[in-house]
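Listed below are the structures to be examined.
The two complexes that follow have chain A in common; it is paired with chain B in the first and with chain C in the second.
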Partner chain A sequence: MAATNGYTQAAGPKPSRAFRRGAVGRKGADIPMIAMVVFLSAWALIILFPFYNAVLISFAPQRVYIRTPLLVYPIEPTLDAYRFVFKWPSLATGLRNTSFILVVGTTYNVLLTALTAYALTKPIPGRKFFRLMILFTMFFGGGLFPYYLFINSTIHLGNTIWAMILPTGISIMDLLIMQSYYETLPEEIAESARIDGAGELKTLFRIVLPMCKPMLATITLYCAVARWNEWWYGMLFERSTDNYPMMLFLRNMLAETRAVTANIPISQRELVFSKGIQMAAIIVTMAPIVCVYPFLQKYFVKGITLGGVKG
Partner chain B sequence: MKKQGKTAAGAGMGRLGGICSAARLMAMCLSAALLLGIAACGGGGNQAAATTTAAPPATSAADETTAAPAGDAAADETTASADAATTAAPAATDAATEPAGEFAEHIKFTMSVIDAEKAGLDADGNIEPHLQWLYDKFNIEFEFYPLTWDNYIDQTRLWLASNDAPDLIMFDVAAVRYSEFVQSVNDGLLKPYTNYEQYPNLKAKMDIASTGRQFIVNGELYAWPAFLDSSANKFRMMTAPYYRKDWAQAAGLYQADHIYTWDEWYTLVKTVVEQDPAGNGQTIGLIGIDWSLPKYWGPGSISPYILQYGPDGAGGYTWGPLLPESLDAIKLIKQMYDDGLIWSDQVMVKAEDTENNFDGGRLFAVSSPSTSPGGMRDVFKRFKETNPESNPEELIDFAYFEGPDGKILSYETNDHWSQEAMNANLSDEAAERWKTVLDYLVSDEGYYYIALGIPGVDWHYDASGEPVADWAQNEDGTYKAPMLNAWPWARLAASADNADLIKPNMPEHVRKLYGELVDIVLDDSKVRQIPVDVDLAFFTGEAFGSVGTLEADIYQEVAGLLISNDAEGDWNRWVESKRPVVQPAIDEINAALKK
Partner chain C sequence: MSDGAAKMEIARPAGGGGHGKFISTMKRVSRYRGLYLILLPGLVFFAVFSYGPMYGIIMAFKSFNMKLGIWGSPWISPFYENFRLIFINPEFTAAFGNTLIISFMKTVIGFPVPIVLAIVINELANKRFSRVIQTVYTFPHFLSWIILAGIVANLLGSDGVVNNFLTLMGGKPANFLMNAGAFRWLLVVTDIWKESGWSTIMYLATIASIDVSQYESATIDGASRWQKAMYITLPGLSMMIVILLTLAIGNSMNSNFDQIFNLYNPATFSTGDVLDTYIYRLLSKTGLGYSFMTAVGLFKGVINFVLLMSANQITKRINGTGKSIFY
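For the complex of A and B:
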């Protein structure tokens, strides 16, 4: 039988008419396919509309928003809210702190995770014990007060930017994924490195890690996103707003609703409104991640499956 | 790396056995740790409620003065009386701004405040001259610890429990947390304002305090009450909503004297909703934010204690929802909702829904039980910003409405809104300095310093002794306030809301309107005043402390009843389900307070 659409009929049941006819737009368009496209498009619109609405609100003046809360297209767009956000001293401070936490923290996380996971694949004394202890921390914690006391009074990290970096050295999930991935690598390569006189560290950094680039990229991405979103430890340990990460400023602003402008005497207030400022702040803090994510999406997806326990 | 060597079955069984043993061992260790923890944390017996000393008879500072201008706040009177006060106390100073010898040592205080990132800073992030003046005067400095409204309770608890609290702690004790405050005192976490009586202005304020005296524990004052500035309305909550005057006029039901009977108000709101001035069915009658719905829209007149514990009519106390009249209040709320007076989406209300809908021309009335001159001014100003072509004076009015009992409902408020406590670790010298600063801030001059700015620079006394603002004027004729962010720290000493009446930016029509509303709320023939039961409001008890008033649960339940098909039945069932929860608290209260 002649091939159609590049399909060569082999032994077996004939593919459905829908499959043979192909995509919508061909003569005799497929109803189920059309319905699926329409449904998914509507679903995508429903998901995307709040973001779109947030963008519109960020560009709208107060009087327009109050009269028409559900904006569908820009009305009298203004940059007042964005000017307020970018002039806001806390934004620069927050961005600086978050950038530092991102770079240093991610490097610290990945390094620690890689080293620990590698050690746990080796037949070191007490390996099972250490692994159980690490797993234990996934389910049980010491409680908030002891943790606060430990960070603040014992190791004196309180009110420093390091309180947001050092205590969260390893994500157990990332560790397990990394460890599982190591175990899928052929032992012979490491053995040959040892035979050539390489120590464990050299083997790890020169042989093993280069083979783990996809995994490292995934772990790095997860850690970077977590660091970018950091606010909890900032709220807990920072007494100076100079050390606040950007997300904590944003969170405080959203939590206070109108606090950004409410406490300014009304005679002094600029003509911006709190909702617009909130939306503008959200857009500004979300933008870097949104820009980077399309290029890294495959790593997110891959990360879900990578390191899964193999047979 | 991949494992080699062992047989699968043998390795598996061995590994499984090992894991089981390790798991058992870990479980035993964990159980032992938990038991040890329970043993360590338990015991110590019941925590007895801290006793408070009997309050000394309140004396009127006015009796001691001859020079105080009539009608002024107590703060004015204390300044005159300070001249006759003891000489042993550090003087409440109106004197030179240079640090005197007693202020030779520079002291830095850490202080927890809301909006710490803005506190005391101007638009460029520099310390405001207003705050710098205070720093120079007393040779002090503040370092602000940040709090937000949604974390300040937990954050303060964490700091106190870990001995990491700032020098000056914004305690903000709500009535149900009074037992926490007392516990903090008993645990030695707070430093008393020892010998505050030696500071004439502090003494004068405390002498006329009512609920503020609850922070005297075991004979010592452990938190300074940040007194509300309610000199005009005598701590009577002004429950006048603001509403669209033009819509009321169009309905032919407008009352110019700011008082509506219940029937008039009910008919007015219903008529406005039916006439739909907003168009296309968008007109909303009333929106209630949490507490305002069961309390201030009429049902509160039937059951004023619906959100709290209250008298049971037999000399004792009970939980408000258990009172029979609370069911009547619920029926009224439901009727109002079914008649279309209350917003159909009330169940999902958010705080900004009131202002946004009102300013957007869709809402008829907004409940604002904390009416202050500045708040009233903001209503008009905000409406103008949203509707630049409008004249808000012609469109907006404030009015009281009588409840079904024929009286305007008004609750007596606490005489303070927050408290400032001192960390027990604060040195005696620093504590004395803080009391000196505080004594100034609550003095006559200090009041105007908080409200108007630096004395002699931003304001001055005229020939008759009245303060006059000397604010710079903008090109558009409005006045530029000399301080932008004094609120976060200054209000923890004392609020100066009524000083808005003398600020140059206060429109004359707002001054007049405020005065008219105050006159009404002070008229006992028109008002049903619900007094603060101080003993109950600051009751400490184990059960009461753990149960509370369940206020948040009540709001949620009331909101849900609006769309219920059997509001009465649902309410009764819900109340009965809560009875065993609140009964221990009721029993505890009655055991202590029942007459």
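For the complex of A and C:
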């Protein structure tokens, strides 16, 4: 900070930021500021440490793990655990199913949300009723067993991959975020398209949705993350492991190491470091989110600034 | 604007508002037929997947038999018999109590954390550091509880790094994950670990909307950083705090299923089993019957509805505008 007191800065062209940050009238680094930075960094380290520990173990050979109770840096790193995970047949099956759920499911989510939200922002007769009917489902549900019975016995989705896709169509939070975004758009643009004779669908897809790209990106990301993390519907409705999503395989593997080592001959089992494999599987399944997140963070955060309430 | 006001009204059945009104409504319906087409898929979705299963609720008042189906099964007498049964079930009452205790602990301990973090982050002068910090704090929000529970188990398990450290320091290793007394604390702490950063962003967004001139004049008056945080930032957040607190209380029936289900085990059922996990486990334990299960679900649903609706009404009043934050 070049300024030494509040007045010289306040006279500058853009004073507000400096004021907001409370940096005015102080030297660049004062004691409270250092204390805050230390506090925030320590908090960040606490958040990161469990992940770091998992990464270390995923690269550690079993003998190192047993020998060094406090592994704080990599010793004799090995890729054995990752080799095992990539050859683990369940990962391939799970990844295939999860990818399908992600692509088809996210498209279904975003399309359904964008369409419904659009119609609900227009003055169509009955809109209040439709809005209320939809909101009611956020406050009240039929409970787990009626739901389970309905999906399995009434509409017969049980044990098909669609049981993990169709029931989660619209998140009401996303719907409300989308509605409030549509309401910020100038009405004249859609109006002029209508005068030009374009139908409602055409207006929506050609004119309105292209203006909503940032918001669509946000909702797509929310849905894609939820789809990547899918396991609950799989656990409820899939009886055949052929349909299991990746996270469900991971869950079973974490719950039961035997599931990992079952197809290894007993004589070789000692060589397999089950904890390392578990951590490697965790790292592999969380890697896409962790890699993408820092770059797309602004889209993730947009939902909060627009929606207000947590998603 | 009278046209706009008319448009806002709900379509009335014929006779209710006069014949002319009905005709004009029908005209508007036909004018907007394209929009109804756009609305249709969403309506079908909610009708099928949200309202469809609600039919099954009547099982709570029946003695349900798979062979006879929902409709064919006989009504139970007296009609509240299933609810009487759930209240004399010790596992249910334990789960109900745990749900309330865990929600209460999470609210009391976890709720202030993001407020403090947001106020401190807001004071940072270094923008890049602030951005990195926010990335680190928020990313666990997007990871599944399956992954996080696996990492927690690795950390706190009998041969995990925490126990190894305790042993090295001459302490006794403790099995945190099998300890019923510590389980609720484990839930509170891991919940803060995963979610506090995301809520922090929400508060930061609210702080960003506070009028900058307040800070400017406070600085000129010689206010310290602490005073500005206490008398400008915190009051600026108060509305958001009250709303989110009300919502948290309204949500107290929904203890985090994913978190608890992936962290608990039979050793911690006594303190960790909540309504959601109890209902799920009933699915595979048919001894108590499907009607019992439906009744537990309905009981939870009704309490949840009442709590959420009250929270909604209260936030409407706090907002001053009479507008719910939901719509």
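Keep this in mind: the second predicted complex is superposed on the first by the 260 of 311 C-alpha atoms of A that agree within 3 Å, B and C clash if a C-alpha of one lies under 4 Å from a C-alpha of the other, contacts with A are read in each partner's own complex, and residues count from 1 in each chain.
Note that in this section a contact is a pair of C-beta atoms (placed from the backbone, for glycine too) under 8 Å apart; a residue touches a chain by one contact, two chains touch by 3 or more.
Computed from a predicted model, the values in this text were never measured in an experiment.
S.K.: Of the partners chain B and chain C, which touch A:57 in the superposed model: first, second, both, neither?
M.R.: A:57 sits against chain C, while chain B stays out of touch.
S.K.: With both complexes overlaid on chain A, does A:96 touch chain B (first), chain C (second), both or neither?
M.R.: In the superposed model, A:96 contacts neither chain B nor chain C.
S.K.: Of the partners chain B and chain C, which touch A:289 in the superposed model: first, second, both, neither?
M.R.: A:289 contacts chain C only, not chain B.
S.K.: Quick check on the superposed pair: does A:241 touch chain B, chain C, both, or neither? Answer first, second, both or neither.
M.R.: In the superposition, A:241 contacts chain B only.
S.K.: So, A:139: does it touch chain B (first), chain C (second), both, or neither?
M.R.: In the superposition, A:139 contacts chain C only.
S.K.: Return first, second, both or neither, reflecting whether A:67 touches chain B, chain C, both chains, or no partner chain.
M.R.: In the superposition, A:67 touches chain B alone.
S.K.: Spot which of chain B and chain C makes contact with more residues of chain A, would you?
M.R.: Here the partner covering more residues of chain A is C.
S.K.: Of the two partner chains, chain B (first) and chain C (second), which one does A:148 touch, if any: first, second, both, or neither?
M.R.: Both: A:148 reaches chain B and chain C.
S.K.: Classify the contacts of A:187 with the two partner chains as first (chain B alone), second (chain C alone), both, or neither.
M.R.: Once the two structures are laid over each other on A, A:187 reaches chain B alone.
S.K.: For chain A, what residues appear in both contact lists, the one with chain B and the one with chain C?
M.R.: 69, 128-129, 140, 144-145, 148-149, 275
S.K.: Which of the residues in chain B come into contact with chain A in the complex?
M.R.: Listed in rising order, the residues of chain B that touch chain A are 1-4, 18, 22, 26, 30, 110, 114-118, 125, 143, 145-146, 148-151, 155, 158, 161-164, 166, 351-352, 356, 359-361, 374, 377-378, 381-382, 385-388, 478-481, 484-485, 487-488, 505.
S.K.: Please output the residues of chain A touching chain C within their complex, sorted ascending.
M.R.: Residues 1, 6, 10, 15-16, 19-25, 28, 32-33, 36-37, 39-41, 43-44, 46-48, 50-51, 53-54, 57, 69-71, 111-113, 115-116, 118-120, 122-131, 133-135, 137-151, 154-155, 166-167, 169-170, 172, 176, 199-201, 204, 225, 228-229, 231-232, 247, 250-251, 254, 275, 278-279, 282, 285-286, 289-290, 293-294, 297, 300-301, 304-305, 308-310.
S.K.: Residue numbers of chain A touching chain B in their complex, please.
M.R.: Interface residues on chain A, with respect to chain B: 62-63, 65-67, 69, 89-90, 121, 128-129, 132, 136, 140, 144-145, 148-149, 152-153, 158, 182-187, 190, 235-236, 238-241, 244, 249, 252, 255-259, 263-268, 271, 274-275.
S.K.: Please give the residue numbers of chain C that touch chain A in the complex, ascending.
M.R.: The touching residues are 4, 7-11, 25, 28-29, 32, 34-39, 41-43, 45-46, 48-57, 59, 70, 117, 120-126, 129, 133-140, 142-144, 146-147, 149-155, 159, 161, 164-165, 167-168, 193, 197-199, 201-202, 205, 212, 215-216, 219-220, 225-226, 228-229, 244, 247, 258, 262, 279-280, 282-283, 290, 293-294, 296-298, 300-302, 304-305, 308-309, 312, 325-327.
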